[in-house]
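Single-structure report; data block below.
Which chain is which? They are A, B, C and D, in the order written, and residues in each are numbered from 1.
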């Protein structure tokens, strides 16, 4: 009954074994090994396009490097108010971008409202040097609220970014979970919609430490090599990341792991919906379920060994909770067992 | 016959296996797992002192965070001219330190000459705002020249740093190799000599990706948590680093691996000394051997499958090479086989 | 009828003449001249305390250096949402502070509401590395809304800052205007209330280019010398700033200029209150008047030669404007003539 | 007998008077006044080309902004070892450029030796991510050694910069002094030679505080507006700089002031050459004279009221001084009187 976060799980056996399998022998360092190259080719295949791939250590690094690649003096990047870059990265995007700023954009259920985004960008006309200048738009897919932008919703954001000549970045820490929810191809969810930079996460979905920044615009790749190295994110034994991705991307493992996590989230949601004492705050699309529980129910669940976090109540939900209720987040992963879900529901 | 770098090897079996062993189950993220705590206690035991341990992804990250922790406005850190921070980190220390500068200090065989260090620091008196202000001294142990500072040599550097109230950092990417050469304890080689910050490397000595910044001054630990997170170096599944260090530091594995690498370097050195066609540039202390080879010998070795790098000739060696000679670097590791060394010598 | 900004005026004759008077002769550069020293002593006298004075070129520089002096990794400074640092400095505070962030705090009429400030600071508990860490509180006196914090209101903010061990900075771009409104002493409005760093502005009140960062905590002065120089804000012919302040601070000139500007604002406010067609958005305390005008009245005024800016409507005023009305800002200065004010009122 | 620095003088009367003349009245702030525009047109006229002009507060700001405009990740700018950017700006160029580095290039008498520059740039091939990447070349005209690059010498540097696709910056803190020495036009000494960015200094040659960054490549101007504002270098009452330049650039005042300073330097040089006790270290081209004096002569001169600085002995002069001799720098300016020069010579 561990629903605290998908990063509390370890590594999927197939991934751990592949790492073991590549432990011996010698290989060129700093991303030049055959295995590194193989994974990069595999990603180009998956995205149906030649892409530039940069392994990094954390999703925060991928996001921050993406934004630093788009940086301008006095730059402003637009993101959802609850986005990971805005609330959970300790100012890393700002540090990597030498003081660029993130401008929060509101919108229901973790998704930027297009009209609000447009209005926010317009607050910074190019001739006003005092306010600073827009530099990028970044969206999170799946969102921090467990929802997933539909393809048309990505189109709406991308179209605004494009009209202001701003690059569009996607924080895909839970990329696979979003993808299987939409039943779309990786290309359809990214560059075909106008996404130029992608943080492609593997860690939350069964890897130990496998994150990649993917550039669909190859003209920015040369500079990124230096940005990554300067940020101390170029691993010498880079094949330890490559080996994880190699197993992760073999066949449909990555998609299947995400399907499992999403299904477990749905099972949780269904159980809670059917429960007398608890309810969903909103329906989950991916592997995060937000539930409204009475405080004493939450306490009882924790006594039974369930692990999960309190969550802050977003503005648009504020009025809808009773005094004895709280909002809680439940996260499932590749490692979540149906049995644990069912025990949780039973204990509700 | 792979002597290109110790980071071309993969992971030692005991380390890879321990990672495998910890793949299952759940554990708190971001360094809060029991395994993380166990490794930190083990390091305090090894250093005979409570230390603050920060796992990071690369040696560059450890070095850069150490220097950023010591940073001042217009700050200047003093290092050997050939130090990794100065020549091989793409400006990461300067980036992490917001434009602080590294001031190269000369000295034979990769070691800063104390008198030169003293003179360089004195160039920046505290009342001269134009030149900037000294902020730290950093030494590399073992050095980039394969030599090792004797304990008294560290004392000499530390005493200068202390007299100018500058923190002393040690880049220990090859810490174990230096330690077994000196036959000293970790405490004797570090804080007992005045070292305040240590980059403790495991990657080059048999780990996949295991680097730690160790602070002997616990008062700087709280800020370092934020410095590390802001630098995107806080791993969510931090136990994947912990599991490596756990095996690495169990018993004497880490020391034995270093002893092996050093012994292989000595075997190389002995063979080359005995060779008619080649000679040592200088005697190795740790696991890097610098040799003078005739260009045609180097070419022949490479045809036989040996892999190693050309090296730039340091100033004080400049006159001593013939026109048909070059300087080359040979690096051994935990994975180097005596057989490969012997074949290399035979092919010389 | 120039009410666009107090920085559209030039320099007061006494100040321009003193600059002229000091044009000849030689003097040590970089702030070491006798005149520089004299002004620093004068400021210590005015503040009834030995202060450290750093001349800089712009208010943005003073604010940004103050915040950089308080900087921590992942640092967050709290300011009013409409504060100059937050909306008009193109990210300079963030740039000077290497990516620190400003956290907007709401409150009516340009003043942070203490309870909101407290709540915002509490969102960042010291053990949560993901969110970043509070580093400073900054308030603007007079505010960007033309209001002035009463002494007890400063106390309320200072007490919160102190309870969280955060330094308190005051952006005093219009320091004199606030001071004469409160009829307080400089000491009473600053360090006696807990202000540690002050941006002391002279430019908007009759100088050409005279801004000073004043530190009440002398222990931070040595580092500030390097912070300022590194930020390219140390003038060689520093006495050109000193000469301006020398005249500005002689006798009560600076206070009298501010009294005049405030009186002109009050005259404007009185006229508008008495007008049939227009009204005050709120009562001015200092030299900025915010008025609600019908669009056609505003257009007519501009046709008559009046210069002033449209202003964005703050949240708490949103409902109170009719469709044919707009919010406008009128700024007076030492150079504003009563005749211009009266002509403006007549044309309303 | 003030020969300490050209920044110990105040302002030329014509410049101080023009500032006085523009003290009254209103004008748009932030560089939008008619006077600002007039000066920008005048500079375009002087340079025979439309240029983008950015007033800033210090030469350090102009240099640092120029380099930040050329910045790349892990960037390296090449300059003479004695260049002001390298030794006298407290790391401002590195701070403005987020940790970019300056790479010193040696060469006699303050001028980079082209072959050395070429060799230094070649140390950083584009495929080596570890070393960082070249980003700019910057030369100082006149140099910190009081010499002036001949036009062909600028060509040699520019040609190397161009072959590596690096922008060429000129630090013209003493631009006028170099120009009149060469008897060249501003265009001939800059963009016609390949200079893309120019720090155009007025302060050392008779202004109070008048420095401009001039871009010959207009495509970089839009970004520079934000770089300057973010660096807190955009003055509100910008016309106080414009008024200085307006007088400075009227007719040939600026050139005549430089001619005077250079002539005074030559008069010093001639007197010293003719003196029995002293000698020139090398012949001056502009307004800085480097002399070798016996220590007791230097002491006597100072007792007579002469003010000048000790100077460090460059490598290539090291052997040529006797034990009782020192190297000293004498700087002349628009304000230097022939009488003071003659008294200095008499006292030698």
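General observations
Just so it is clear, contacts are C-beta pairs under 8 Å (C-beta built on N, C-alpha and C of every residue); 3 or more make two chains touch, one makes a residue touch a chain.
Here is each chain with its UniProt name: A, B, C, D = L-threonine aldolase.
Fair warning: this is a prediction, and the values are worked out from it, not measured in the lab.
When chain centres are defined as mean Cα coordinates, C lies farthest from subunit B.
More contacting C-beta pairs link the chains of B-D than the other of the two pairs B-D and B-C. Centroid to centroid, with C-alpha atoms defining each point, subunit A and subunit B lie 34 Å apart.
Inter-chain centre distance (subunit B to subunit C, centres taken as mean C-alpha positions): 50 Å. Averaged C-alpha coordinates give centres for subunit B and subunit D that are 41 Å from one another. Among the residues of subunit A, those in touch with two or more other chains are 73-74, 89-91, 95-96, 98-99, 129-130, 132, 226, 229-230, 234. In the complex of the two chains, the subunit B residues touching subunit A come out as 2, 4-5, 7-13, 15-17, 19-20, 22-29, 56-61, 64, 89-92, 95-96, 203-204, 208-209, 226, 229-237, 239-240, 335.
On the side of subunit A, the complex with subunit C involves touching residues 73-76, 87-91, 94-101, 129-132. Of all the residues in subunit C, the ones that touch subunit B in their complex are 30, 68, 72-74, 98-99, 126, 129-130, 132-133, 222-223, 225-227, 229-230, 234.
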